[in-house]
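The structures come next, written out as structure tokens.
Next come two complexes, and both contain chain A; in the first it sits with chain B, in the second with chain C.
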Partner chain A sequence: MLLLQLLINGLQVGALYALIAVGFSLVFGSTRVFHFAHGSAFTIAAYVFYYVFSVAQVHWTIAILGATAAAVLFGVMLDRFVYAPIQVHEGSFFTLFVASFGTAIVVQNLIGVIFGRSFVSVTTPLSRSIEISPGLFVSPLSGIAIVVAVLFFGGLQFFLMRTHVGMGLRALSENPELVRAYGLSPRRLSTMVFALGSLLVVPAAILSAASSGLSPAIGHHVMLISLAATIVGGVGSLRGAACAGLLLGMAENLALVYFEPQWSEAVTFIVLFLFILFRPSGFFGRAIAH
Partner chain B sequence: MFAYILNLATLICINGVLAITLNFIMGYAGIFSLAHAIFFGVGAYSAAYFALHSSASIFLAVPAAMLVAAVLSLVLALPALRVRGEYFVAASLGLQVLGVTVFSEWKSITGGLGGIIGIPPVELFGHAVTDPVQFLLLASGCLALVILITNTLLRSSFGRNLKAIRDSESAAHSFGKNVAAIKTLSVVISSALAAVAGALYAFYLGFINVESFMLDTSTLLMAMVIIGGTGTLLGPIVGAVLLMLLPSLFSYMWFLPQTEIGSIQQIAYGTAMVLLMVFRPGGIVGSGKGDRR
Partner chain C sequence: MSIFKRMFATALVTAAMSAAIVHAEDLTIGALFPMSGLNASYGDIFSSGANLARDHINADNLIGGKLSIQYEDSQALPQQGVIGMNKLVNVQKVPYVLSAFTGVSKAISTIATRTKTVAVNGGGVGPDLAELGPYFWNVIPLANFEVRAIIPYLVKERNLKRFVLVYVDDPLGQSVRKEMEATLPSAGGQLVEALSVPATSQQFGGIAARVRAANPDVVYVASYGSQELQIVKQFRDAGIKQQLVSYSAFSIPELNALPEALGAMYTTQLVDWSSNDPVTKRFVDDYKAKFNKMPTAYIANYYNAVRTFALLANQLQKKGKPVTGENLLAQRIETRTFDLVGGKVTIAENGTVVVPMQIVEIDGKGGKTVSSAAPK
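So, the complex of A and B:
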């Protein structure tokens, strides 16, 4: 019974991780920006939702809209005012990474100053777990998480495969020069990628806020997970990132059978470490030059 | 007031050693490690353990700490040989998280979250260094020694090999350089010297716990190197002094809420990192143009 419970929890967590990882993988794969502040978009969305819904007590649809707007705005602004000026004079991965890293530090601490560094939680009627059979608790949120993850992933695939802009985005990851030659602006596509990538963290942010609560440092954890999932899944493969996210969520929960909870994050990183050592291109990745 | 300045100066020395050793691999070998605090921690825990169970003499405890850190640093060298850039940052981040978990869970050695208390003062030729002034002298002596060692190494053929690898690994390889050995050695040297800072820290405070060796510390060290100027000799020292003075500077600003000083400091250096990368990627000391790829 414990195993089944952990499996269900793993599935819920994994679905959320998959969503987060796909957003990061999309950004990293198509723009090659090591977008460390991806976790910050998550934190911002989650805290805006918390503030509007739990503190200001406004209807949940408005809270979700607010969270979405905040996350997308953050992603676009960051691309426009931080990444773009750097990319003009230098393309070094490290310079972009440091800028992104600095942003993540600022966001984490600003949120800490504004909302306090302690743990906050959002209670919704859906957060309560229901005992469906003796000893097995499932909250409606698990179902929602899985459905939302599938919907968003399907929507993203459709967008990337079937729409004109989506094809442009995929082309951007292949060859920015060619994109320019076809009369599309790599700059505008890049902004688009950041908007989309940040949008993808919103459902995960809201669902995590409602199911397990928030702290300003959560962005770090989110970032670590997306990074791990992107590399394990293979850079450039969204399907890989989604699968790896799901896998990491499951592994983290199933590890509880053998290890104490403090070790769950370590388990994720042993998986990541082994992948980097033995198969840096991940499950589905193209071979990388190292 | 005097005691306060002494304390600050000692901490600047310790962080200076850390920043210089991190710059050694970041600026010259192109290994961007986010796990430097782990080797700081390994040094501190090993020195504390050694001092408690065997001898607190600086000539025994510090080499012991260096040895442990050097051996463990091979774990960091492994991914450094396999991958570059983003992948290595990810691996080092993983190592950092893993290290913190081990520090807080291996209770018999590290004392868990509570840490190790009652570390004896360090002994120099049988004389226990308890006086803060003497300790500052000791710490600045170590800082000078570390500066001397790293500078000598960087000016030697070893340093030139490192820079060659940073600029083009395949070119260095084709000139017959043993890339793997040089990279591994640079990681080992950097980590062993970082352990010196760890040992000093443990002896200075007489108490250590995992809080000092978390990702925040690695971040701070990286910020010191970057803000000062990656790949310059003076940069990490300038960065260390600046970032250590920052909190005390803020505590003089009466209008800031005192409970938020830590956060405000982090916001300040986060912002500095972003602005520097946009306007001056080489750091304060570095040339205006970034010379990294």
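So, the complex of A and C:
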């Protein structure tokens, strides 16, 4: 029963990790910007949802819209006003990383100033587990997390594979010059990538606000997972990032069957280490060595 | 000597004299609190007590000049704590530093001893903190007293015998485990499972499954900050209905307001907030006026830590001695008992305080005392 319980928990956590990782992988794969502030988009969306739904007590649909708008706006503004000027002048990988890292610290502190630095959570009956069979507890949020992850990933795949803009986004990671030759603007596509990447993090942010609670520093954990899943999944592979997120969530929980809980986080890095050693291109990714 | 040389010499002497005057009157102490990261809310809580004491001391002109507190962000991490401590000791040259969290306190204690700087802890409760040398003082009863206070109550009065301990894997958590292993068998209880979690862990659904599998009567949580709130919320959401118990880290307002924490119990030092002793009354009245809520033991501890400094500095100034860490230590040993919030408090030779404990149940209204116990 413990194994089954941990498997279900792993699916829920893995679904959230997959949603988080896909957004980061999309941004990194398309633009090669190490978007450390991806965790900030998560934090902003979660706090806006918390504020609108729990503090202002507005209907949850409005709260979701508010969270989505805030996250997308953040991603777009960051690309336009922070990354774009740097890319015009220099655009080195490290400079962009430092800018992104600095933004994450500023956002963390701003969130602390605006919403307070203490723990907050969204109270909802959906997070309460129900005993579906003796000793097996499942919360409605687990099911919602899995369904939302599947829907978002399916939608993203459709968008990237079947739409003109989606194909442009995929081409952006391969050859920006060629994109320009075809009359598309790499800059506009880049902004769209950041909007989309930030949008993808919204469901995970909302579900986390309800299931595990929030603190202004939560973005660091999000980044850790995103980075690990992107490497394990293969840089540039969205399918890989989603599968890696799921794998990491499952591994973190299933490790509890055999190991002390203090090792559950280390499992993430053991998986990461093994992939770097034996399969550096990740699940489905391309080899990144040039 | 030319006129310019004389003017220069006069200016130098004047500058030196005025610097000496400023040095004698205005005093700065340091504080190493988490101001960012997962435990930042503790920094707000601790500094509210320290700042209120500073304001009272300055209003009373207790040290003959202005007292100020230089804050450094420890993030509740030992490494950051050491960086902050070095800055306070080597750059700011403070003689007295407020410390918090067991890991941070242990990390900075060697610097305190080496530089003869007094470090005072009002928030960390690891029992090891009693053994960090003469320059490390505690104005909070340590966790071993807290564990010893609640176990007999749970086993004998509540008939709860099977304990699961979920503890953060750091010196605090390890010391709570050690204390429970020593105390539970003699009290008639049993530690059926001890689960350690990393300090950065945020997902506890899986650990809840392990806890449920152990079928305990009591789940003792030895963590702090956002993590303990996450543990409580996620455990309750995961269907754990057993009695949740913890130590004084549960006495923070966020936990008292968390719906999932209702019914949880914790130990904390016993402070009679309605006492008419002038120090306590002024502290409670002014805190309530400023923050529109009742203070907690943590806030009183850091108020007391700053007030202890001012009382010692005042005594040293009367004797014409400089306010250095060495002199503060000598004066503390000489004075021993201080008028602080909660009444007269005696600091023992090893730099710790022993005060009565109370067991509080979270009721969503600030907590109700269900039992009190003399120190053991």
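The rule is short, and it goes like this: the second predicted complex is superposed on the first by the 286 of 290 C-alpha atoms of A that agree within 3 Å, B and C clash if a C-alpha of one lies under 4 Å from a C-alpha of the other, contacts with A are read in each partner's own complex, and residues count from 1 in each chain.
Quick note on the criterion: contacts are C-beta pairs under 8 Å (C-beta built on N, C-alpha and C of every residue); 3 or more make two chains touch, one makes a residue touch a chain.
Just so it is clear, the model here is predicted, and its values are computed rather than measured.
Asker: Using the superposition on chain A, tell me whether chain B and chain C clash or fit.
Answerer: Superposition check on chain A flags a clash between chain B and chain C.
Asker: After lining up the shared chain so the two structures overlap, which partner does A:Leu6 touch, if you call chain B first and chain C second: first, second, both or neither?
Answerer: second
Asker: Tell me the contact category for A:Phe97 with respect to chain B and chain C: first, second, both or neither.
Answerer: first
Asker: Should A:Gln262 be classified as contacting the first partner (chain B), the second (chain C), both, or neither?
Answerer: In the superposed model, A:Gln262 contacts both chain B and chain C.
Asker: If we overlay the two complexes on their shared chain A, which of chain B and chain C does A:Ile218 touch? Say first, second, both or neither.
Answerer: In the superposition, A:Ile218 touches chain C alone.
Asker: Going by the contact rule set out at the top, does A:Leu277 touch chain B (first), chain C (second), both, or neither?
Answerer: In the superposed model, A:Leu277 contacts chain B only, not chain C.
Asker: Based on the superposed arrangement, let me know which partner A:Val106 touches: chain B (first), chain C (second), both, or neither?
Answerer: first
Asker: Where does chain C run into chain B after the fit on chain A, at 109-117, 253-261, 289-297 or 343-351?
Answerer: 109-117
Asker: Which chain A residues come up in both lists, the one for chain B and the one for chain C?
Answerer: Overlap of chain B and chain C footprints on chain A: residues 108-109, 112, 117, 260, 262, 265-266.
Asker: Which of the residues in chain A come into contact with chain B in the complex?
Answerer: 28, 34, 82, 85-86, 89-90, 92-99, 101-106, 108-110, 112-113, 117, 220, 224, 227-228, 231, 260, 262-263, 265-266, 269-270, 272-273, 276-277, 280, 288, 290
Asker: Would you mind writing out the residues of chain A in touch with chain C in their complex?
Answerer: Against chain C, the touching part of chain A is residues 1-2, 5-6, 9-10, 12-13, 108-109, 112, 116-121, 123, 127-131, 135, 137, 139, 211-213, 215-218, 221, 252-253, 256, 260-262, 264-266.
Asker: Where on chain B does chain A make contact in their complex?
Answerer: Residues in contact with chain A: 32, 78-79, 82-87, 89-91, 93-95, 97-98, 101-102, 104-105, 215, 219, 222-223, 226, 260, 263-264, 266-267, 269-274, 277-278, 281, 289-290, 292-293.
Asker: Can you tell me which positions in chain C touch chain A when the two form their complex?
Answerer: Answer in residue numbers: 36-38, 40-41, 43-44, 166, 169, 195-198, 200-207, 209-210, 212-213, 225-226, 229-230, 233-234, 236-239, 252-254, 258-259.
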